[in-house]
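Both complexes shown next keep subunit A, but they swap its partner, so subunit B is in the first and subunit C is in the second.
Our next item is the complex of A and B:
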């Protein structure tokens, strides 16, 4: 039985196309998981992560990796309850912000305490993966050094899938 | 001497006067401890933690010395001023310009571009029949530009800045070498350099040119006749080694994390070292008090508060020989008008100016490394002056290294669009982020706005803040002259995008609070935070508020300094010019104090309770 953090990392790696290694390297995994659990609750998070593992397992068994994304879209991303939470996890990884859940979600599943748009932490801001994805630094942090801007950007290659 | 405001104008004057042995008291409405790094780091933390990173995000709201915020601007309907936030906006155009009220003022959040004004900009009335002439020429101000470039620590290359009539003293070099152009600038240059433009019968050739910047770069060993230049890094009461050179944080606005960008605290720190300067923070000037017999200023009434949230305060009167209002164009005029001092010219608060910014944004066909470097390193300066200024406003063009951030909130808006609307996920999301963010090109046209008496700051007792001070009421619109420039700017942007094979993504939302139409076309015009012209200088008390030394015509021991004294602003970000003016005024005040033996000495204490 894998831990919830491991399952969270597995989902996040597929969702962001950053490797587990890169995700763990941000130091933010535990905090993001805690944030989504605190706001969306255990049941929703476990359901989302279980369905992802299931999709992965089906894809592995069939030898067709494209099935994974199809199942994920069908069972998680398009699901009114799980979809917005899954998308929030993606956005949190990229910019360190928890975005307030959509109004339809709140009306259907109830308002959650703490569900406002906020930066998870100053470190989360600096660890946003979006900047890495575009070969830049988060403005105001991780400065690349004098004159580096004159060179072409270094954009990391995507992990193999 | 009493100085109201600890921004760049007040700091330069306080530093120069204290070096001449004068005793200076600075009054700052906003908060500020000393110049400790702890406080500066707290701004940075606040910025990191802010979900909306606008140019006031590092600075805590303070109802006792409120700051306008760009998000405050809402659509104004005729006859219905918007008073829901600090600036009362009377319209017809809602300005979204801001200024920062903390120790060091707006230089904490400014971007730091420091182009000199062009010689023509000082004589637009005689040269082009538009606006006003200055009582000063470029040549007269030139030595003070050099002083300002030293104080601010400007990086630039004379070879790239000698154009359009701008000249430098023979052998002059900037303190530091120019910052390199960004990779994005060079991509744009490849596409547009050499493009010929015909305007009002004259031919111009476009090229990407760097901007001089008040940001630490590589010191030029030839500076100061070979004596070189030592960059001033972060200000701190304890030793700290940072900010000696720009690191490319791409965060000049709203806060350089290492203070490689100049802020007025660097000048204040030097002033404090003289031992002749005191600063009172959380002390809001509320009234300029005149001696009824002489008409000279006898004191400044202030309201001092302990807690920014609470309106509890004590009222004091500060006395001195000479008084300097250096609180920015809006606050200077607000204070004078709230004191019943409208200037015998009737011009106090009038001729409010700000640059009109028109944004155009497109997507380049290649990854151009957007979102790296200082906020802006280069742009197009070839249409900053010319015969066309008889008909339409001049402009400069900034190539933004921070993509479409200003126009649409990139890259956050892109991420939300891709994840929530386009349902992108995993590798396709990564690819989209890469291809659609690092190829963003935003051009910001900084367009000239000539003086107009109906663009103005007033006060109204119906609108006060929680200390009971009257708030500024802004009436503002853009003249057709500026809009003709904006219309041409939009055409030029299309041409630039065509040259670059870039897809134009520009669209102006009719619901935007700054949406304006001109000849049937709609535009969104943003403010530039380059507030100027509310107490213009001139040659006569009938047609101006201050003389060419920024001394009030009406009150001989009162100086109104800063952008407010500028009769025109051309296409130059105003800070370098207003800094130069303050060096000139400081020299004059020192001479005046020496010469003017008729001044009566004040009591020993610089202040006494009212």
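Our next item is the complex of A and C:
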């Protein structure tokens, strides 16, 4: 049986192109999942994660991994209800911020309690994937050492799909 | 038991001692960093700062040992097969020895670290060395060439090094310091909180280096603060267990400074003395742990270059430490697949790193 956290990590790995190891390495997974569940609710989150699992299964059965991306774009990211929530998950991973859902979303599906723009935790900013993606340290955190600015940045290879 | 044979009477023997001293100083770093990075971010700032500063000072001691070894014409090699011990390793604590492990921050881990830093002067000259009935492979502070004989304490080990320097200088004069001065790492290449890096070119500077190491580690002659009003490592760690900071003038065991707070539960539940074999083959975790070991091997290679004629590389090596920090933290936050609620940790298995990269 797969826990919701594991399904959340599997979706996040495909949606961010970072590995599950790297996502867990931020220490933020539980907090991000709790945030999206608290604001968007169980039904939406489970639907989104189910569609991802389904897309993965279809792609695996067909032996064509590109199908997963196609299905994710069609069924999740283009879906008026799931798309903005999925994008918010990606944004949390990259910058550590939950962004208030778009007005069209709240008008269509109802305003949610707690849905304001906020930094998810005291460590979320420093753990944003944005910094890893550009090979830089978050300004003001994770000091890279005296003179490191004279050395080339270390940009990690993107995770293979 | 004859103590004469363990006296340092040749330059070669002094070099062996100094190399073992480097190995000893380095051996504290994996346990200290493992405890340090097991602290959850945003918590335990008192503990974080205490451990971090001491770890940096161990790196200072390592560099001072390299300077002493270079001063007498030796050549530090941190990439040699046995330089990094397998953990648990064994350090002397008077009549017995004790196990040093890579483990998460806890009361037990702090007790373990206190054992490492404990001030312990031998009760008498013939107790300076202790015969270990069952020598273990990973025993540190042993007599070179006599693996069954271990020093009573790290302090006694360094005391013998000081004696060796004085004895050989008496015999040979300044010819003892035949090393290339260009190999000395000066303070322009090393920045840290406490203690200053000194180059070693003569007997006086060698004695300054030894005194600094002994005072920072165990305190000197029972004093808890040294002449620079710096608190010895032993007492800094003890503050965490006692929940209170020391002030200058305090008696050992009775700090009277401000209270400090420790949250013993705000710690990642990492596996003690974790090994690569604990991580499933082919997992992202295993790959990351192997990558860390390789990065650590590269770091030791860079340090070796910095200690053998290119001291300016130390700046780059230190920035490498910061990247190693990020890799260690990633490992420590990852659960080990199949082990419920137990997280990974860097394994520091250098032999495995060498096999993989060759």
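Operating definition for what follows: the second predicted complex is superposed on the first by the 161 of 161 C-alpha atoms of A that agree within 3 Å, B and C clash if a C-alpha of one lies under 4 Å from a C-alpha of the other, contacts with A are read in each partner's own complex, and residues count from 1 in each chain.
One rule holds in what follows: contacts are C-beta pairs under 8 Å (C-beta built on N, C-alpha and C of every residue); 3 or more make two chains touch, one makes a residue touch a chain.
As the structure is a computational prediction, the values presented were derived from the model and not from experiment.
Trainee: Does the subunit A-based superposition show subunit B and subunit C clashing or fitting?
Mentor: They fit: once the shared chain is superposed, the two partners occupy separate space.
Trainee: Touch check for A:143: first (subunit B), second (subunit C), both, or neither?
Mentor: both
Trainee: Nearest 10 degrees is fine: what angle do the Cα centroids of subunit B and subunit C make about that of subunit A?
Mentor: Nearest-10 rounding gives 70 degrees.
Trainee: Of the two partners subunit B and subunit C, indicate the one touching more residues belonging to subunit A.
Mentor: B
Trainee: Using the touch definition from the top, say if A:152 reaches subunit B (first), subunit C (second), both or neither.
Mentor: first
Trainee: Pick one for A:87: touches subunit B only (first), subunit C only (second), both, or neither.
Mentor: After superposition on chain A, A:87 lies in contact with subunit B alone.
Trainee: Have a look at where A:122 lands relative to subunit B and subunit C in the superposition and call it first, second, both or neither.
Mentor: It touches subunit B and subunit C both.
Trainee: Per the contact definition in the header, classify A:22: touching subunit B only (first), subunit C only (second), both, or neither.
Mentor: second
Trainee: Just to be sure I read the superposition right, which of the two partners does A:95 touch: subunit B = first, subunit C = second, or both, or neither?
Mentor: Only subunit B; A:95 stays clear of subunit C.
Trainee: Between subunit B and subunit C, whom does A:67 touch in the aligned arrangement: first, second, both, or neither?
Mentor: A:67 sits against neither subunit B nor subunit C.
Trainee: Is A:133 touching anything from subunit B or subunit C once the two structures are fitted on A? First, second, both or neither.
Mentor: first
Trainee: Quick check on the superposed model: minimum Cα to Cα separation from subunit B to subunit C, whole Å please.
Mentor: 5
Trainee: List the residues of subunit A that touch subunit B in one complex and subunit C in the other.
Mentor: 121-122, 126, 143-148, 151
Trainee: Enumerate the contact residues on subunit C facing subunit A in the complex.
Mentor: 40-42, 191, 284-285, 287-288, 315-316, 318-319, 321-323, 326, 329-331, 333-335
Trainee: Report the residues of subunit A in contact with subunit C in the complex, numbered from low to high.
Mentor: 19-22, 24-27, 121-123, 126, 142-148, 151, 154
Trainee: In the complex formed with subunit B, which residues of subunit A make contact?
Mentor: Checking each residue of subunit A against subunit B gives 14-18, 69, 72-73, 77, 87, 90-91, 94-95, 97, 99, 117-119, 121-122, 125-126, 130-131, 133-137, 139-141, 143-153, 155, 158, 161.
Trainee: So in the complex, which bits of subunit B are touching subunit A?
Mentor: Checking each residue of subunit B against subunit A gives 44-45, 47-51, 53, 179-183, 186, 217-218, 245-251, 255, 257-258, 367, 369-374, 377, 401-402, 411-412, 415-416, 419-420, 423, 425-427, 429-431, 433-434, 437-438.
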